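Look at the two complexes coming up: chain A is in both, with chain B in one and chain C in the other.
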Partner chain A sequence: SLDFLDDVRRMNKRQLYYQVLNFAMIVSSALMIWKGLIVVTGSESPIVVVLSGSMEPAFHRGDLLFLTNFHDDPIRAGEIVVFKVEGRDIPIVHRVIKVHEKGNGNIKFLTKGDNNEVDDRGLYKEGQNWLEKKDVVGRARGFLPYVGMVTIIMNDYPKFKYALLAVMGAYVLLKRES
Partner chain B sequence: LRKNVEDFTGPRERSDLGFVTFDITADILNRKNGLQTFRNKNTSIIFDWNVKQLFLYLSAEYSTKNNALNQVVLWDKIMLRGDNPRLSLKDMKSKYFFFDDGNGLKGNRNITLTLSWNVVPNAGILPLVTGSGHVSVPFPDTYETTKSY
Partner chain C sequence: MAAKSGRNGLLDKWKIDDKPVKIDKWDGSAVKNSLDDSAKKVLLEKYKYVENFRLIDGRLMICTISCLFAIVALIWDYLHPFPESKPVLAFCVVSYPLQILVTPKGIFLVAHRKDPAGMDPDDVWQLSSSLKRFDDKYTLKLTFISGKTKQQREAEFTKSIAKFFDNNGTLVMEAYEPEVSKLHDSLALERKTK
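Right, the complex of A and B next:
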């Protein structure tokens, strides 16, 4: 039965505004939590989804990683870093296998995916042999399996994304707090 | 944790390349300080309910004129839950080329090899643990030419 359509007809303007404001509060809170995470972790992208199988069997496509990027944290061999190649948007999650650090703190390092045969030099920019601190989005500190699959599905099947948003929107706008 | 090595060096493209052969004997245990465990302290409790695998790696750490700190991973291994936690490898060659950034290996008396591992949980924090025990390796002052490796 379509009770909710009756609900909509019965709502007056004040109730509608209230619902919209409620919705706006939820969206603002979510954004604040995200921004807060960015500040606390020091990383522009504190939560990333693993997109490829290059770090299997540790991480699989769809796993979620939690990053920190504290400026004073040194980069050391064995750490798992998330970096972006200059000019490309896609973050890559691999392990540091070589580090050369000068006395003044200048550091250059090489990465490799656990599941790859060769190091990442082929992925870097033309002529680039090393990564630097500025390329790092963050260091992987924690992880949750499978949870990130939702964003991958939403990317690959946009209709799913719109359907999900529509359902969420309808729920929030029509839910009545008694 | 014990390792033994012999070494040779060779110049390639103006950067020092080191060759190291090593033995590794390790017993991967993890005593969690301050936690009450109901198990016998002698059993290895590194592979608890939340550990999916360990990523082990042997890294060489040293200083050179060019760089205050250098770390090169020479060898790695994935140890899955259920694998034997006792390692006994002999006469291993390094998996990856031990290139220096420059010529800092020649005559370098103090290269420290350490075994460390990354604990990958089923879910949760990803710690890096360094094994106790390390070995210092000196490299000779001269280069060798075309040694078969």
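Right, the complex of A and C next:
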């Protein structure tokens, strides 16, 4: 029979509530760690996955990047930045190739993927030729190769993602915690 | 449990309070949980003490509040996107682990023995236990706090879990219950002779 449910059947109201609470605590902890990283790094997306091969051989598809976005970090030609084009969700990891800087700190810069033939103007918004500081998501401070492939697989096969989350959720809810 | 109406019949089939406890003997946390539960049963059913839920409810409350902080942080961040939400986020993120740390741990039963005459304040019995990961030695500690004198006495035993479970992982109450009772009686006896 369904022996694994025995633990749940023996639970009183409080213990059942604690199982649900335990699940909520795990979700909350993950959330707090993520938000904490956002606060500490100053970046709205402190961990990103490289989605294409446009920066090979420096970065490969599936690499995981750790970002910081400190306000006073200067943007100089030759440096790699992670930015978002206005209106698009996906962060892009490319190199800064041209910078125009005003005395007051205002910056306009142009980017290009190392492995691309042309600069990124084709990726920018209609009529936009330069990026500004507000478009920057962060600068890569560290990286882990291959680890991001899991995220890419889960996005390409959403059913796999939901199945994995469902199994993990069921496990936490049904396994009795002290 | 006497006969219940038809509506509760389904609930009765679901609950298996009387079935002997059978767990995976290699699963440390299941072993500890079943030993803790059975110790609770001895104190509550054999000695007829009344469970006081205040400590447990307090813990549940703190954990619930922590989750609420997390939800507040999530909603605030959604309504006022980063970086405006920074101070609120920072507050919730820092207070979250603090609340977890503050939660009292270890004690899994607080039970009261009501004074039969109804005059003296209740005696309080507390149970706590420990079972290290991958270890087979289970320690059960019983604490007695006299309602009258506020004096505190403790007794504990450490035994291998192999003494209480058979090969299939079924808890053998005939081996476990006397150990718990012995612990209890040793403390109760001291009380009478003082």
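One rule holds for everything that comes next: the second predicted complex is superposed on the first by the 174 of 178 C-alpha atoms of A that agree within 3 Å, B and C clash if a C-alpha of one lies under 4 Å from a C-alpha of the other, contacts with A are read in each partner's own complex, and residues count from 1 in each chain.
In the analysis below, a residue touches a chain if its C-beta (ideal position, glycine included) is under 8 Å from a C-beta of that chain, and two chains touch if they have at least 3 such contacts.
Just so it is clear, the structure is predicted and the values come from calculations on it, not from any experiment.
*Asks:* Fit or clash for chain B plus chain C once both are placed on chain A?
*Replies:* When both complexes are placed onto chain A, chain B and chain C end up side by side without any clash.
*Asks:* Please work out whether A:Ile153 is in contact with chain B alone, chain C alone, both, or neither, and reply first, second, both or neither.
*Replies:* After superposition on chain A, A:Ile153 lies in contact with neither partner.
*Asks:* Using the touch definition from the top, say if A:Val39 reaches chain B (first), chain C (second), both or neither.
*Replies:* A:Val39 sits against chain C, while chain B stays out of touch.
*Asks:* Please indicate which partner A:Leu165 is in contact with in the superposed arrangement: first for chain B, second for chain C, both, or neither.
*Replies:* It touches nothing on chain B or chain C.
*Asks:* Which partner does A:Ile26 contact after superposing on A: first (chain B), second (chain C), both, neither?
*Replies:* So A:Ile26 meets neither chain B nor chain C here.
*Asks:* For the superposed arrangement, I'd like the angle with vertex at the C-alpha centre of chain A and ends at chain B and chain C, nearest 10 degrees.
*Replies:* 140
*Asks:* According to the stated criteria, A:Leu16 is in contact with first (chain B), second (chain C), both, or neither; which is it?
*Replies:* Neither chain B nor chain C is touched by A:Leu16.
*Asks:* Once the two structures sit on chain A together, report how near the CA atoms of chain B get to those of chain C, whole Å.
*Replies:* Between chain B and chain C, the minimum C-alpha distance equals 25 Å.
*Asks:* Both chain B and chain C contact which residues of chain A?
*Replies:* Comparing the two interfaces on chain A, one with chain B and one with chain C, no residues are shared.
*Asks:* Give the list of chain A residues in touch with chain B in this complex.
*Replies:* Interface residues on the chain A side: 57-59, 76-80, 95, 97-103, 108, 114, 119, 140-145.
*Asks:* Considering the complex alone, what residue numbers of chain A touch chain C?
*Replies:* 3, 6-7, 9-10, 14, 17-18, 21, 24-25, 27-29, 31-32, 35-36, 38-39, 42, 44, 176-178
*Asks:* Quick one: which bits of chain B touch chain A in the complex? Just the residue numbers, please.
*Replies:* 52-53, 55, 57, 59, 61, 66-73, 76, 78, 80, 96, 101, 116-118, 120-126, 128
*Asks:* What residues on chain C touch chain A, complex-wise?
*Replies:* 14-17, 19, 21-22, 29-30, 32-33, 36-37, 53, 56-57, 60, 63-64, 66-67, 69-71, 73-74, 77, 81-83, 86, 89-90, 92-93, 96-97, 108
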